[in-house]
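See the structures that follow.
Below are two complexes that have subunit A in common, paired first with subunit B and then with subunit C.
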Partner chain A sequence: MTLALQLAVAGLATGSVYALIAIGVVLIFKCSGVVNFAQGAYAMVGAYVSYVLLRTGLPAIVAVLGSMAVLAVFGTLTERLVLRPMLKAPLVAVMMVTLGLLIVSRAACLIVWGPDQIAFPKVFPEGAISAAGIFITYNYVAAGVLALVLSLGFLAFYQFTPIGLQQRCAADNTRAALAIGIHVSNQVSLAWAMSAALAGLAGTLLATLNGLSLDLAGIGMIAFPVIVVGGLSSLAGALIAGLLLGMLQSFTDGLLTPALEEFLREHTSIYSVGALQQVVPYALLVLMLLFRPQGLFGRRGTERV
Partner chain B sequence: MSARQLAITVGVAVLMGVLGLALGRYAAYLVNAVAIAALGALSLNLIIGYCGQISFAQGALLGVGAYTAGNLSNAGLDGAVAILGGGLLGAAVSALVGLPAMRLRGLYFAIATLAAQAILEYLFKILDPLTNGVSGLVITPPTILGFPMNSDQSLVVPSLVILVLAWLAVSRLMRTDLGRAFLVVRESEIVAKGMGIDVSHAKMQAFLIGGFIAGVAGALAGYANRLASPEAFTLDLSADYIAMIIIGGLGTWPGPLIGAAFVVLLPEAIQRVGEAAGISDILSALRELAFGLLIILFLIFEPRGLTALLSRLRPRGIGAAPHGSVGAPGESGQPQEGGSR
Partner chain C sequence: MALTASDVTIRFGGVVAVNRMALDVLPGEIVGLIGPNGAGKTTFINCLSGTYRPNAGSALWGGDELIGLSPSALLRKGVARTFQNVASLHDLTVLDIAKLGASVRRDRRFGGHLLDFFRSERALEAALTESILAPLELTDVAHKPIQTLSYGRRKAVDLARALAGDPQLLLLDEPVAGLTSHEGMAMAKAVRDVRDRLGCAVIMVEHKMDVVMSTCDRIAVMAAGSKIFEGLPAAVQADAEVRRVYLGEP
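After this line comes the complex of A and B, so read on.
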């Protein structure tokens, strides 16, 4: 029981960081119909920029905000320079160009910072909380709470502020938005900027948990199972699905994997199931697409035809 | 397929064969790499370019072929049988990957194939008895129809022969009812249904045929590298193949070969230049950077690929796509309305 609780808390912490990345993907999809594979690249670049700023001795909060600002510019630039000229291109070309962005960002980071994992500077104080028999480091608490608060804050911003209203309007019906005087193309750029900034923050948080490396770009791929489970067009869905998948991964790692390995060792010659927690989200993705393609919270018929 | 296409196909293959056999080991290695990549691109062009089903699982399908053929020939079977086995299992797995396409379209299906790629990569790593886990399966050079495949040169003939056969088969296929059905399914599933086309059946055929060719390409890739390892068949490889068919020209006849040659030879060229310039330590990163930038620039400025670019320079060229047709032009160059969006 204590183990289950421990796993649940750890899963919620990483899950809320996933949610932060996935919310960005949904935001971009709603606004510009693009499925952005480069979201993981934003997370990775964000983490490296934070690293550089932290190394200069800036206070953590300034460094993280600075990296989010840099990422917002990066996001806007990708939208303006890369995606906008491709408005009429076929879907496969649009998906491929975002993959191209991912490849370029990864190569650029590789050239600048090298292939090795870098120890990330301390952002949160050392130590751990132990309560109700579970044990969790401040790192996890801070990352989880921060990501959760920011996700909720962003949802509130999107739902209740005038800019959020313009965003929703531009995403919902471009023509109607233009007709009532919303500058749709600026709103699209803004969506990319916010999305990249959120991913940059998520990348920084992941780096505080697991260290800084190029793998962060790959972790961004987890956003796809998350958004499919949550429903491609639902921001709240992305948040809930992110938390769910975080917990699912954590339980797979802590409970299912040991049980399964024991069973397999007895009955087959397979001695390890490897990183099972990394494929479980994808298996869930396939099941979801087969039985409820609109996701838990999506609407039917949201496919871009 | 027209007589001209037949002549071009055979002519190009003979030229590649002569180059590969006359210019030594490195040239043979390059010819093999291009031929294998062209096979894989041919199969993906069938699935994405002609039938309109976006798949990110091509890399893993090649892996299935490589592991299957490797195991079969390591067990003492002739290479030809092993390659056939790789193709058959490739087709079976491809049918599984394509299964969600019966219910899903466009973007949703593309994401489903992303999952298939992730799951297959995982299976390569853990199915130890068949794949030897993360360290990879060492493949001993097989004999194909009695000829030992112990050098790069010896593999040139089989890979080119297979490339020509597959190329002609796909060209022929696109002149049949089924091939035409693919094009209609790509343009509009609703129209296809209205015309009495069994959409699910057509898609499944595309996945079976495409999977077979991909499996064969993977088998040859396994023999060329003498190793099948999980790192060789990742999403990055899938991305390479999608880049090839887009750079070559989506849904065009010569596209897969042009794209494959470009994507295989460009990094080699960068490698040579980099080695000459003495910057070999960051070379692999630079190579990726250049590759990614080229993909992006290509997609922005010439989304219809090199085939369109060539035919613009020479209006009556091979696979000439008329100006102004957005999206993928048809197999023999007729204008097709819309793209695979």
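After this line comes the complex of A and C, so read on.
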């Protein structure tokens, strides 16, 4: 029981970081109709920028906010320089361009910081909380709480504020939004800026947990099972599915894998099942697409890609 | 402020849709724009509201040129319009749409936009419900998605959206077309009320003559892109040319 609780808490922490990234993907999808493969690039670049700023000795909060600001600029530039000239291009072409952006960003980071994993400077204090028999480091607590608060804050922003309302209208029906006087192109840029900033923060948080490396770019891929499960057009769905997937991974790692390995060792000569927790999201993706393609919270027939 | 539109001309290929159209509207005045289908009424409204850019002409609004401005810039100058067909929005409720109308109108500088990221508009909801939704009989559906409403009520929502921005110049494109006569009368009354309350200038394109006659202070008649008559409602019905092209002989 204690183990289950421990795993659940750890799962929620990583899950909320996934949610942060997936919310960005959904946000961009809602207003530009593009599935943004470069989300992982934002996360990775965000982590590297945070690293650079932390190394200059800035306080952690300033460094993290600074990195989010840099990423917001990066996101806006992507939209203005890459997406806007391609307004009339087929969506698949635009998505391929975002995939290209991921590859180019990864290569650029490889040139600057090299291929090796870098120890990330301390952002949160050393130590751990132990309560109710479970034991969790401050790193996990802080990353989870921060990501969760930001996700919820973002949903509240989207739901209740005037800008959020204009965002929703622009996402809902671009032509109507234009006609009733919403500056739609600014809203689209804003969506890209916010989604890149959120991904940048998520990347930084992941780097505090697992160290800094180019592999962070792959985290964008985890966003796809998340948004397919949550429904491509639902921000709340992305949050819930992110948490769900984080927990699922954590349980797979902590319970399913040991049980499975024990069983296999007893009955076969197979010794290990490998990193099963990395397979689970994609297995869920396939199942979801087979049985409920609109996701848990999406609308039917939202988009066929 | 008064609107002075002159020489507004727009061509689509070889078709001159609006030809040297001129129209003056004074503050607090409701001007009806009538005419047969294809006369260019909606096209003229589209030129004024930033949807189309006319090939020639000007529309001065208190000294400012309206032509060439985008709908978002026009709204901040107090020029709002409604649409003949109401667009489909899936996610937004009636109250959301009214709030949108209010939020696109506000001209904010010096970080006002930044504040908009964090401000909840809950406080605005009660005021909007009372002053905008209630007169249009929309209070009971305030929290329903617009998609679930009847056509007539959706048009009322569109008007509510335009009114929420406290317009000084209101362009109405067939506000009562397709409505029941009860809904139509409520809509016409709402237009008159808002004119009385805000003192705004109104241009109303409409085919329903009883509504036009009872609502408008002055009527302009268009045919084939040009204005063929302008005058008081009573004079319109007496004019032989207008009877020939539009109203028909009794």
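By our rule, the second predicted complex is superposed on the first by the 301 of 305 C-alpha atoms of A that agree within 3 Å, B and C clash if a C-alpha of one lies under 4 Å from a C-alpha of the other, contacts with A are read in each partner's own complex, and residues count from 1 in each chain.
Going forward, a residue touches a chain if its C-beta (ideal position, glycine included) is under 8 Å from a C-beta of that chain, and two chains touch if they have at least 3 such contacts.
Remember, it's a predicted structure, so these values are computed and weren't measured experimentally.
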Quiz item: Just from the overlay, do subunit B and subunit C fit on subunit A, or is there a clash?
Solution: fit
Self-check item: Which of subunit B and subunit C A:173 touches, first, second, both or neither
Solution: second
Quiz item: Which of the two partners, first being subunit B and second being subunit C, lies in contact with A:36: first, second, both, or neither?
Solution: neither
Quiz item: Does subunit B (first) or subunit C (second) touch A:93, or do both, or does neither?
Solution: first
Practice problem: Using the superposition on chain A described above, determine whether A:161 touches subunit B (first), subunit C (second), both, or neither. | Solution: second
Exercise. Quick one: the Cα-centre angle at subunit A between subunit B and subunit C, nearest 10 degrees, please.
Key: 100
Quiz prompt | First, second, both or neither for A:234, with subunit B first and subunit C second | solution = neither
Practice problem: Using the touch definition from the top, say if A:187 reaches subunit B (first), subunit C (second), both or neither. | Solution: neither
Self-check item: Comparing the two partners subunit B and subunit C, which touches a greater set of residues in subunit A
Solution: B
Exercise. Examine A:67 and indicate which partner it touches, taking first as subunit B and second as subunit C; both and neither are also allowed.
Key: neither
Practice problem: Just the number, please: smallest Cα separation between subunit B and subunit C in the overlaid arrangement, in Å. | Solution: 21
Practice problem: Name the residues of subunit A shared by its contacts with subunit B and its contacts with subunit C. | Solution: none
Quiz item: subunit C touches which residues of subunit A in the complex?
Solution: 157, 160-163, 165-166, 168-169, 171-173, 175-176, 178-183, 299
Quiz item: Where on subunit A is subunit B touching in the complex?
Solution: 35, 82, 85-86, 88-93, 95-97, 99-104, 106-108, 110-111, 221, 224-225, 228, 232, 269-276, 278-279, 282-283, 285-286, 289-290, 293, 303-305
Quiz item: Which residues of subunit B touch subunit A in their complex?
Solution: 48, 54, 100, 103-108, 110-112, 114-116, 118-119, 122, 125-129, 235-236, 239, 242-243, 246, 250, 282, 285-289, 291-293, 295-296, 299-301, 303, 326-328, 339-341
Quiz prompt | subunit A contact footprint on subunit C (complex, rising order) | solution = 51, 70-72, 74-75, 80, 83, 87-92, 96-97, 99-101, 103-106, 113, 116-122, 161, 165
